[in-house]
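Each chain carries a letter (A, B, C and D) given by its place in the written order, and its residues are counted from 1.
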Amino acid sequence: MKKFHFVMAVLIVASMVLTACGGGAGGGGLKVGMVTDLGGIDDKSFNATAYAGVQQAIDELGVDGKYLESTQQADYEKNIQQFVDEETDLIVTVGFLLGDATKAAAEANPESKFAIVDFAYDPTIPNVLGLVFSIDQATFLAGYAAAGSTKTGKVATWGGINIPPVADFMIGFEAGVNYYNEQNGTSVEVLGWDTAANEGAFIGNFESLDDGRSITESLVQEGADIVMPVAGPAGLGGAAYCAESGSCMVIGVDTDWTISASEYTDVILTSVLKNMNVAVFEAIKSVQDGTFAGGLYIGTLANDGVGLAAVKGASDELNAGLDAVKQGIIDGTIAVR
Amino acid sequence: MSNTTAPEKKEKKRSAIWSELLVPVLAVVSGLILGAIVIVVSGENPFRAYGALFTGSFGSPVRLIDGLQIYSATGETRQLLRAFYPLTESLVTATPYIFAGLSVALGFRCGLFNIGAEGQFFIGALSAAFVGYSIQGLPMIIHLPLAILGGALGGALWGMIPGYLKARFGAHEVVNTIMMNWIAFRLSDWLLDGPMKGPGFRPVTPTIFETAELPRFFPDPLRFNLGFFLALLAAYLVYWFLFKTTLGFEIRSVGANPDAAKYAGMNIVRNFVLVMVLAGGLAGLAGSAQVLGVDYWVGQGFSAGYGFDAIAIALLGKSHPLGVVLAALLFGFLRSGATNMQSMASIPIDIISIIQGMVIVFIAAPEIIRWFYRIRAVKKDETVLTRGWGS
Amino acid sequence: MTNVLELRGITKRFPGVLANDKVDISLREGKILALLGENGAGKSTLMNILYGLYKPDEGKIFVRGREVEIEGPNDAISQGIGMVHQHFMLVPVMTVTENVMLGIEPVRGGVFLDREKVAKRIKEISDQYGLEVDPHAYIKDLPVGIQQRVEIIKVLYRAADILILDEPTAVLTPQEVEGLFKIIETLIKGGKSIIFITHKLKEVLAIADDITVLRLGTVVGSIKPQDATSEILATMMVGRDVSLVVQKGPAKPAEPVLVVENLYVRNERQHLTVQGVSFNVRKGEILGVAGVQGNGQTELVYALTGLLPLESGSIHLLDEPIHRATPRDILERGVAHIPEDRQRHGLILTFPIHDNLMLCTYYKDPFAKGISLQPVSIFKNAEELVEQYDVRTPSIYLNAGTLSGGNQQKVIVAREFSRPIELLIASQPTRGLDVGSIEYIHKQIIKKRDEGAGVLLVSSELDEILALSDRIAVMYKGRIMDILDADKTSKEQLGLLMAGVHPAESSRK
Amino acid sequence: MNNSSIDISSAIERRRRISFGVTLLVVGLVIYLLFGSNTKPGSLTTFGLNLLGSQAIEVSDLVIPALPAVHLMAAIAVFTGAYQLARGVRSTGWLIGILAFTFVFAFLMWAAQDKSFNLTGMLQSSLVRATPIALAALCGVISERAAVINIGIEGIMLMSALVAVVTATVSGSLYVGLVSAIIMGGLVAAFHAFLVIRFKVDQIISGVAINIFGAGATSFISSRFMAHATDKLNNSGTFPIIAIPGLSKIPVLGPVLFENNLIVYLTILLVIVMHIMLFYTPWGLRTRAVGEHPKAADTLGVNVYFMRFVNVTLGGMIAGLGGAYFTIGSVGRFDEIMTAGKGFIGLAAMVFGNWNPIGAYTSSLIFGFADSLQVKLQILRVPIPSEFLLMAPYIVTMIILTGVVGRAIPPAADGQPYEK
């Protein structure tokens, strides 16, 4: 029992020490808290991109920023409450699943400020800024670029799980390819998605890179040479396959993959940019400046909230076409869906 | 022949309870110590981390005193409620753990290893939500019980399938319940973006009607609700069922020695199915309690692995309902406090899983604990929890 | 004449039990030492120590006059000690060759098993000692007698010259016992020395050169067979005068209680182990089922009690068909079953004695009202039965696993006899028990018969069958060879039937 | 008496014959009604036989008229069923084979009508997808042959996958990663063996603890250390495809079998080596004895604990190789929970393969096939929601376990601790 007593003694001492130093949150300045959706901070997708905005604010504006990971639905309310209790100046919530919890917290704490990524309230709430993105505008361009770059006449896309935010990418992509076909009299085929049936190719998760690799391989075997995976980290499995086999190229999503997954630069045709980091950074900045206002921010091609990175090896003609399409979308002369 | 006097028996019982408790307590302590080592290795201060864990799960005494002072001075309850928030939140987190832990424990008692509590939890939650949002205009007194039962039924159905396959064909329930989990996830993916999709673009169910909500006892943001007491009631019922009824006697007999149970005229097949139905029902109730008491709607990330944590809880609680309640409370406090730990000490919450894995190992191997802490072994027959592929 | 093996002052303690207390024995070269004792006298423990499976707490072992340390079976083997275990240590799904070579496998090409070399050596050993066996046969396909030969070959293959035979006749027919004795003679001629462990007095008198008797872990004495009689040995073994005959009056059989017709049963491995069995049991008589273990008796009993399904045939209990009935139905109709394997079927060792005493009737009044158990009645019932059936335990709240074998069996008997029964099925009811318990259980069985119940007694102990039965059915390879009147039957006759030979046929040869 | 026993067994034979015959007839009918009536007359199904970038000699694609092919399949099923009813075919394996083949082939014809479909690609990806499952199954086989159940394979694979990619990235050598993964797997399994042998911990519980711990620890390390240092810690690259000279030129077979990476070849090699080891060497004899009748082995001087310990550890090393497949054998980086249940499917493959290395590999191939078929069907846009197609491998696992487990006989002492 000797050891046992020793351990108990250590524990008692420890608990005295820790109650003494518990609860301190260091640093001055503006306090920003971000609540992630499931998947966590390193999901290499929207949580990570949004946090990049917070990180930028920490570096450039000197704010005090941190995050809480949600591992389940019940955490949303709780994590937001945690930041409310800590009297955080701006609470950024990421993902449409946090819509209800954010709304409830905003209404209960009218003095707190909130920003939510990927969700728009109708009507808007005065102390919540919704940050949404017309991603199909960007994927429309991606589809156009893919159709203009394919050598086999087949391009492909696949997703993690068939849910609207994933499907939005794929719908725009298909529309872009069709538009290219119309304009250029080609017949480029899209594998892995069918807007009419609202069905396509999915791997059932956002985690398994191996599944991502395998489905990409299958699509390439069926003739596609450009693939756009919409599945967070699992999409990198597709990039890995292309890099290894050299028989295809991928289109990155959310961020510019030539930066975030630079090891695959050679096989990245382009990336669909969803500039959540910019939007989040701007929201933080507005709080610091005292200009924060609730409402809605819609990221579009027009305001660079979404965009398409440079297309590798694009001909001048294709680039010109892309510019024209972009202008058309901004003008409203081209409908993306 | 048996001439043990009553007080003697009581005395024996007391020391037996103490020795029963010693190993689990030491296992948890050891898990926390190893967790502290991991925290140190990852470059953080374990005292700070566990301090945050403590205040996150019980609340800070300073706040409580402040709250009381404000309340006595002004009658304003807001601060007081805030101070109680962490504690109630821990109990809210513990609620599904109690149900799910009972589910796994009941399986263990019958010699079945229900790893499928996670899938049953999911299906239960979806069923409860369905009853909750699809029926309008019922009074609460009917709608709420109906929704709770709906969840239990959904889970029971999901548990019955592997139970039946085990009983009828001898297919091992461990693999089958795991497969049923995956099928449940895929099925819910489809349901949430298909038949059960609510209004709007999001792949989530509609919000349930207020008549199906488990009543909360305090104003927002305190989410403490009737579910916790239902869980305690369930624990008592499981205890009564296991130890005070003929059905429970059968189940324990089948678990302890299936051959003898068969010899004694018990129907093994029926008991396997019955237990898996009940275990599934309990896991389904966990889903009911969560959706009707806390979340009100179901989306993809509805569970954080309650079904898997439940295994640790059942083991920690020695498959006894009282033990399960205590273990579930412990896990509730750990998980709930982890949020504060994450925020205050920036420790990833995965650390809790690590501690949990360690605790299971220590509980399953009490000899390690006894050896390390030099405790003499209490000579008694260990219950066999699981068996190989065959039976 | 030298002692090839000597044990001096061997002491072995298990928690709560002194299994061997300062045991001395010696084995002369080229002789047979019989080690005689009841079950639980410490014979097997002693031999396991000698074979290195247990470590003694005290004592020394001398082989050929030299003190040796035996840490494990490998040491024993290298000292030339070989053991044929009571429960055969053979892997059923492997061939004879594989079983023999296991542990000292010769290899070809550095890594590959050289089965042919071993098979050749087995042939040589078989020829030398008259142990005929097919080296390539699978163990599971061999009859018990042949399996025992394989065990002996295993020992000889390892060049052992001291052989320990642990209860080698327990599973053999009288004819097979004869065969074994011949083999033993050949072995002695071949220069081996043998320790022969048994509790059967007649065998000892038949073949031993020296006899050492063990009781409760100590040596009671040594004696030469020419100085001994069955009675002397029995008294030494048990410690008091015992009556070797069971007192019973003549049977008064009435109408049949159990009628079995053309019964076929598959065992759990789907082998057809009961093939066309027909017989009946009448009220007030004991029908003994004799036969070497593994000839379908187990499956027959399982089928009668509903533990195994029938393949075909019919079973009637008091004129009602029960061949589709569940174990519960069968119990309810008044069938009591003392199972062959009491720890597997008869008891839940982790449950208290009081729960085991109501294991089959827990759902009935007074133990349950509705689905609610009634602890008061359960405890009262247990106190009464423990008293009545003389179960030695400090408390009914202790787990059944804490009881000794004899007391465990008494718990089962108490439970089964405490409800009204029409038919008693007793399978190996006294296996592994001490003489006192055996007497007690025999008396109880006869009492049930005299109260008018039908009794089906399955036993591989011929003496038990002969002592208790009114009629005797002999099973061989899943069939009933014959049903005989106990009064007009000799042991030899039964032995031939157990070996599958009709006496008539054998005389024809 | 002899006659009646023959009657009995022939009655069972007849029952089985009839049930198989009827099943085949029903399947034939289903093929005819379900696929036949939904296949357009005159439509062609193209089976691609060439794989992009492979070294195989090009052959022309297989073009099959869909409807006649479906009808042919229905006819084969019905004919076999009728023959079975009338005369009886002895081999159950053949019947199941014909059943599965006709159904799957007809299904493909229907799904791919008017479209093309790369058959070689599907077979190749079946083999690749089977690899981690097979490695998990082999780990199970080797442990359970020594009577130790290891349900922690999933956790072992996760930890090995992480170790593989980190060591490979840091050292710059994939081989270092491979070796470390194998060592890691061995260590974790040795810990499992230590717990269940020395401390008699329930084998399944120890395995579950390893799974929970493995998932937690890898997620922790991944999010704590690797997320922000991908280039330094989590970017190893993958083993290149090695085309075996000559053999890889064979059409169809070449790209499927002889153009794979090191881990796929190692797996096939392991299957053969393990088969030989188990059935033709002293080590295998002892292992099997320890799994069937440990006491017998013990009395012959075989160290039961040592054999179990070694086997479980070896099994863990194989699972470690399986873990390495996920990272350095497939995508070159680690992500949380990336094994996605493959370890458990491997256990089912082990049971289905009757605890034999070759059987386990064959059944892994079936799972691999189910998986890659599922992907192909999604691409072909079969009118079944993708979620249901994704359930297929799990449902197949359950069906196989249910159908086979009664007949599959595990080692007699499987899962039981040995006490002297």
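The rule is simple: contacts are C-beta pairs under 8 Å (C-beta built on N, C-alpha and C of every residue); 3 or more make two chains touch, one makes a residue touch a chain.
Only a predicted model underlies this, so the values are computations on that prediction, with no experimental measurement involved.
In this assembly, the chain whose C-alpha centre lies farthest from chain D is C. The greater number of contacting C-beta pairs, out of the two interfaces B-C and A-B, is seen for A-B. Spacing of chain B relative to chain C, judged by their CA centroids, is 48 angstrom. Here the CA centre of chain A is 34 Å from the CA centre of chain B. Note on chain placement: the centre of chain A and the centre of chain C lie 73 Å apart, centres being C-alpha means. Centre-to-centre separation between chain A and chain D, using Cα means, comes to 35 Å. Shared interface positions of chain B, i.e. residues touching 2 or more other chains, are given as 186, 189, 348.
Listed for chain D are residues 223, 385, 387, 390, each touching two or more other chains. Every pair of chains in contact is given here: A-B, A-D, B-C, B-D, C-D. Contact residues on chain D toward chain A in their complex (touch as defined above): 48, 51-53, 116-118, 120-122, 125, 128-129, 132, 222-223, 226-227, 230-231, 235, 237-238, 240-241, 326, 330-333, 335-340, 371-372, 375-376, 378-379, 381, 383, 385-387, 390. On the side of chain D, the complex with chain B involves touching residues 149, 151, 195, 199-206, 208-210, 212-217, 219-220, 223-225, 341, 344, 347-348, 351, 385, 387-388, 390-391, 394-395, 397-398, 401-403, 405-406, 410, 414-416.
The residues of chain B lying in touch with chain C in their complex are 1-4, 9, 244-247, 249-250, 252-253, 256-257, 259-267, 379-381, 383.
Within the complex, the chain C residues that touch chain B are 15, 305, 307, 326-332, 337, 339, 344-351, 355, 359-360, 362-363, 368, 371-373, 383, 386-387, 391-397, 399, 401. Residues 26, 29, 33, 47-48, 50-52, 54-55, 60-61, 82, 85, 89, 92-93, 185-186, 189, 192-193, 201-204, 207, 220-221, 223, 290, 294-295, 297-305, 336, 339-340, 342-344, 346, 348-349, 372-375 of chain B are the ones touching chain A in the complex.
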